[in-house]
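One chain, chain A, links the two complexes that follow: it is found with chain B in the first and with chain C in the second.
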Partner chain A sequence: MSEPAFPSTWNKESKPHKFCPGCGQSLALKILGVAIQELKIQNEVLFATDIGCSLLSWDMFNLESVQTHHGRTIPLVRGFKLARPETIVIGFIGDGGGYAIGAQHLLNSATGNDKITVILINNANYAMTGGQLAPTTLLGQKTTTTPLGRKIVQGHPFKGPEMLKEVSFESAYLARGIASNYQELLKMFKKALQNQIDGRGFSFVEVLAMCPVNWHLDAQESLDFSEKEMTKIYPLGELKCPEKLS
Partner chain B sequence: MPRKIILAGEGGQGIQTVAKIIALAAIKSGKNVTFLPSFGVEQRGGVSIVFLQISDKPILYPRFAKANILVAFSSRAISPLKKFLEENSLFIYDNSVVENKFLEKIKGQIKNYLAIPAQKIGRERFTTKVVNMVMLGGMAANLKEINFQEFENALLEELAEKIKEKPEIKDLNLGAFKAGLEEVEKFDQETQPLEGVAPASFKCFFEKENLSWERFPEYCKGCGLCLLKCPVKCLSFEKENVGFLGMPLPTVEIEKCLGCKQCMEICPEGAIRVEKQ
Partner chain C sequence: MTKEFLMGNEAIVRGAIAAGAKMMTGYPITPTTEIMEYWVKAGEQRPELKFSQSEDEMAAGFAMLGACLAGVKAFSATAGPGNILMQDAFSMAENMRIPTVSFINQRGGPSTGTVIYSQQELNLTCFGGNGEGLRIVYATANVQELYDYAIKAFNTAWKYHFPTFVLADGYQGKTQTMIEVYEPQEKQLEIVASQPFLFHPQREKGKFQHLRNTYNQEEELAELLENHCRYFEEVKPEIVEYEDFHTLDAKVVVFAFGIVAAAAKQAIENLRQEGKKVGLFRPITLNPFPKESALTVTANKKALLIIESALGQFERLVKANLYGIDTKIIPFQKPALGFTPEEIVEKINEILKK
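Up next, the complex of A and B:
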């Protein structure tokens, strides 16, 4: 008999965690836990979460954790980094907090090349409130506020890393991964953290995550939707990677 | 003296329905009632709690600090109930579900209790879907101020729409309710200790010469991602046992397993461990 396969950074007391069965976000958090464990930076990390499903992770880790107003996670970690430059700060936000209410912070942080790491979960809807239209909802995708599917009048799906690529420095690290690909996402998280540890520049990873509950799909269908449909609009891979990292 | 009742259990066990039936029955008996459901931030898999007050006088505020009757439908319901315990509170619990290690935490504080093996009765005599009605029977026997007939009327009123679709559930629910009442008559606190069940013991560890595969039912939510990611399809859902949410548990045909660890990597809960030498 052995222990469950938790990363050593996870808080065992709060498990099983509060995420729904089959949630891609919890998978990303597990991989983030492994990345922090493998880089051995557990004692230097500040983990900041946003409002939305991401706040369910406030007691996920044995890390210094803080939770703030909706969309204001990036200014918070930016301020923390300015005051305590030796800390490794991680802003963990959703697509609402990063691309809607907190979009200006994300943009300005990338423009200013803050030495912070931002991890953004893209599950194509506002999951905690019951699956409303989000900036990242695909065209034609049904949500509770677009029962006939998203149309062009409601805007195109928001491509965060592509936008940041235009404004960020050469020393920034920008990537998009998917929660169901463990090895690739682990590499991305480690690079995003390493970029900050080296004091090089802004690091941003968008994670495509499945949301079976609000997509009203079963495990196979939600895996297919995130791996096949979402990746058509949101191609995976590194958009910007400093030479020294790769 | 107003009656203050708090019910807690897993979301989906039908706690809200039971509380609503009690509230309806109390209204029909001419009492003042408040009914306050309280959900956690969780969408699923959380503990759901209901606050109920029944009084002859008007009720000023629906919340309260201490309860007269506490009802626990599951093991995880114990810890939110703990702070509502009073010296003379009556503690009603399902002794075929609540585990001993959870009961240990509050054993010292409980003087009056009532154990109803609701899950067992439901499974053996009806279906597991009417477990809440068995518990309702247990509660009804202790709410003497409400006319007994009103419980049945309220039950039928609350389930009227479902009964219209499936007429057979009328007898199931009424039968389960009466089974709960009978159980209260059988119960004697002098002879029956405050005990729950020992944790389920079933096989969780599978191994062959250089490989071991282990599952952890206390963390598995039954999402099924491990089944989908297995390249040789050696995982399947087991029929006999369930995880802590009552969802199916994956099991392995260890002879076929390659030890690629894909199931361990994809599991969002960390509930599978694969070791390969």
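Up next, the complex of A and C:
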């Protein structure tokens, strides 16, 4: 049997990776690694991670990498990019980091059209701390802090790309993909990076990702929940794509 | 070397530029706002000076960290509630030994408090965050020192790799006065070069840095911190600074820092003219504290008078460092209020009479 095709950006010394079995985040990261490899920007990328499950990727890649505080990945890469503009900066964050504790940074980077690429994992819960309510938790979805299911009084599911569409520049790239669709997500990641390489605008990809452990579902059920239930609220596709990228 | 009429907050900017600072991040807050305004103005003539006005002080702090990681001398300036928010970034700087430089102009607290003056941000600046206070804090007393220590702060930060602070207050920041402006080389001051943490030009091909501040094993973090602490202790003697003013034959020694020390110095000059034996010990570095020198000046004194514009933050710091001495210690404190030399003279006379 041949070896599985890992991207050249994969840091083999840190494998097996630290994510739970069946986690969608590790799939998304592998696809990100492929995107970086195909764009041949391995030596130019700064990969920055947040707190939460995203921090488990701190040594995932053969890339210059830094792990920061919860919600603060975006300002850190913004500062890095300003100081060293030739870097291709990637902020890898979760739905807490982007839509709750660091929402002001995401919003302001979009309105300021920072030339950075942000990849946000939406797994509809706070996974690292054991499955609490997230801004992205679906109505009716049970979490440890909404044991009877999320009710509307606890807020409605947060639609990040849709919000950013309203405030970002026309040169921004905004998309929502899903970890289980390799080809589509790869295209989105490459565009989100190319948009920064071209110095065009702010780039953002939200990735729907399975979280079997905290959803208390098996592999197939998790796949179904992300593909069938989550996509009803969080439709897949590009929300903004500059002409030159498409 | 020239004499120039400058506002304290402008002196900070001029000093930062002289030290090679290339980037400022910040969020406007009284009494520091002019620092960013002067920086932006300076940038009109010097396009290499970069600036990011962020959505809050957390973002300003982390953008500063990002710039430092890229090897650029970056700084921020804040006060009061902004200083609280920026502790998030300072804590990461402490963990990862990132050489941030921050100018703190203290304002009244707690909470939003007042906007111009206090000495209540000592604890926060020296020991804020969920760590051990591995920070270097210079406390200035006048506008000239804001210039001098702006230069020094960048050198110290990039030499020792600890987050470094210049702790002043709104009075110093807003005062306009004549100061001496100079290029570091005119005073044979060597400027310490900055080095990138990531994308180092000499990095080995195929090798990548993975920087983090989270550890799985308790032993890993303990080892890291023990190493940081050991180094901090080792370089302490090179860093500590203080001003000793007539303490040798003094019966009463005042302990004060910052602008309060400036008032105390004036009071002591007045009293000395009357032949009264009083002196001043002023720590310039509040962290690390000049403990050995402070202990030396307390020998055979009638009393120590600890003066501060806060209710005991400085007193606790001094007492912790002087632990074990039997000299009488008298606190003189006003929360977020300044001192005139006259009231200090009066207080010292009371003590001398007893």
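The rule is simple: the second predicted complex is superposed on the first by the 242 of 246 C-alpha atoms of A that agree within 3 Å, B and C clash if a C-alpha of one lies under 4 Å from a C-alpha of the other, contacts with A are read in each partner's own complex, and residues count from 1 in each chain.
By our rule, contacts are C-beta pairs under 8 Å (C-beta built on N, C-alpha and C of every residue); 3 or more make two chains touch, one makes a residue touch a chain.
From a predicted model like this one, the values you see are computed outputs, not experimental measurements.
Colleague: Between chain B and chain C, positioned on chain A by superposition, is the outcome a clash or a fit?
Modeller: They fit side by side.
Colleague: Who does A:Phe6 touch here: chain B (first), chain C (second), both, or neither?
Modeller: Only chain B; A:Phe6 stays clear of chain C.
Colleague: If we overlay the two complexes on their shared chain A, which of chain B and chain C does A:Gln196 touch? Say first, second, both or neither.
Modeller: Touch partners of A:Gln196: none, neither chain B nor chain C.
Colleague: Considering only the touch criterion stated at the top, classify A:Ser168 as touching first (chain B), second (chain C), both, or neither.
Modeller: So A:Ser168 meets neither chain B nor chain C here.
Colleague: Using the superposed model, measure off the angle between the directions from the CA centre of chain A to chain B and to chain C, in steps of 10°.
Modeller: 90
Colleague: If you stack the two complexes on chain A, which partner ends up touching A:Gly79: first (chain B), second (chain C), both, or neither?
Modeller: Once the two structures are laid over each other on A, A:Gly79 reaches chain C alone.
Colleague: Could you look at A:Gln141 and tell me whether it touches chain B, chain C, both or neither (first, second, both, neither)?
Modeller: Touch partners of A:Gln141: none, neither chain B nor chain C.
Colleague: State whether A:Asn123 touches chain B only (first), chain C only (second), both chains, or neither.
Modeller: After superposing on A, A:Asn123 lies clear of both chain B and chain C.
Colleague: A:Leu223 contacts which: chain B (first), chain C (second), both, neither?
Modeller: A:Leu223: touches chain B, not chain C.
Colleague: Which holds for A:Tyr182: it touches chain B only (first), chain C only (second), both, or neither?
Modeller: A:Tyr182: touches chain B, not chain C.
Colleague: Least CA distance chain B-chain C after superposition, rounded to whole Å?
Modeller: So the smallest C-alpha to C-alpha spacing between these two chains is 5 Å.
Colleague: Starting from the residues of chain A touching chain B, keep only those that also touch chain C in the other complex, and list them.
Modeller: 55
Colleague: Show which residues of chain A lie in contact with chain C when the two form their complex.
Modeller: 11, 46, 51, 55, 58-59, 61-69, 71-72, 74-84, 87, 104-105, 107-108
Colleague: Where on chain A is chain B touching in the complex?
Modeller: Chain A residues touching chain B: 1-7, 10, 15-24, 26-27, 30, 55-56, 128, 180, 182-183, 212-213, 218-220, 223.
Colleague: Give every residue of chain C touching chain A within the complex, in rising order.
Modeller: 22-23, 25, 50, 52, 54-56, 58-67, 69-72, 74, 88-89, 91-92, 196, 198-199, 206, 208-214
Colleague: Under the definition above, what is the set of chain B residues touching chain A in their complex?
Modeller: Within the complex, chain B contacts chain A at residues 41-46, 205, 214, 216, 218-219, 221-225, 227-229, 244-245, 247, 264-275.
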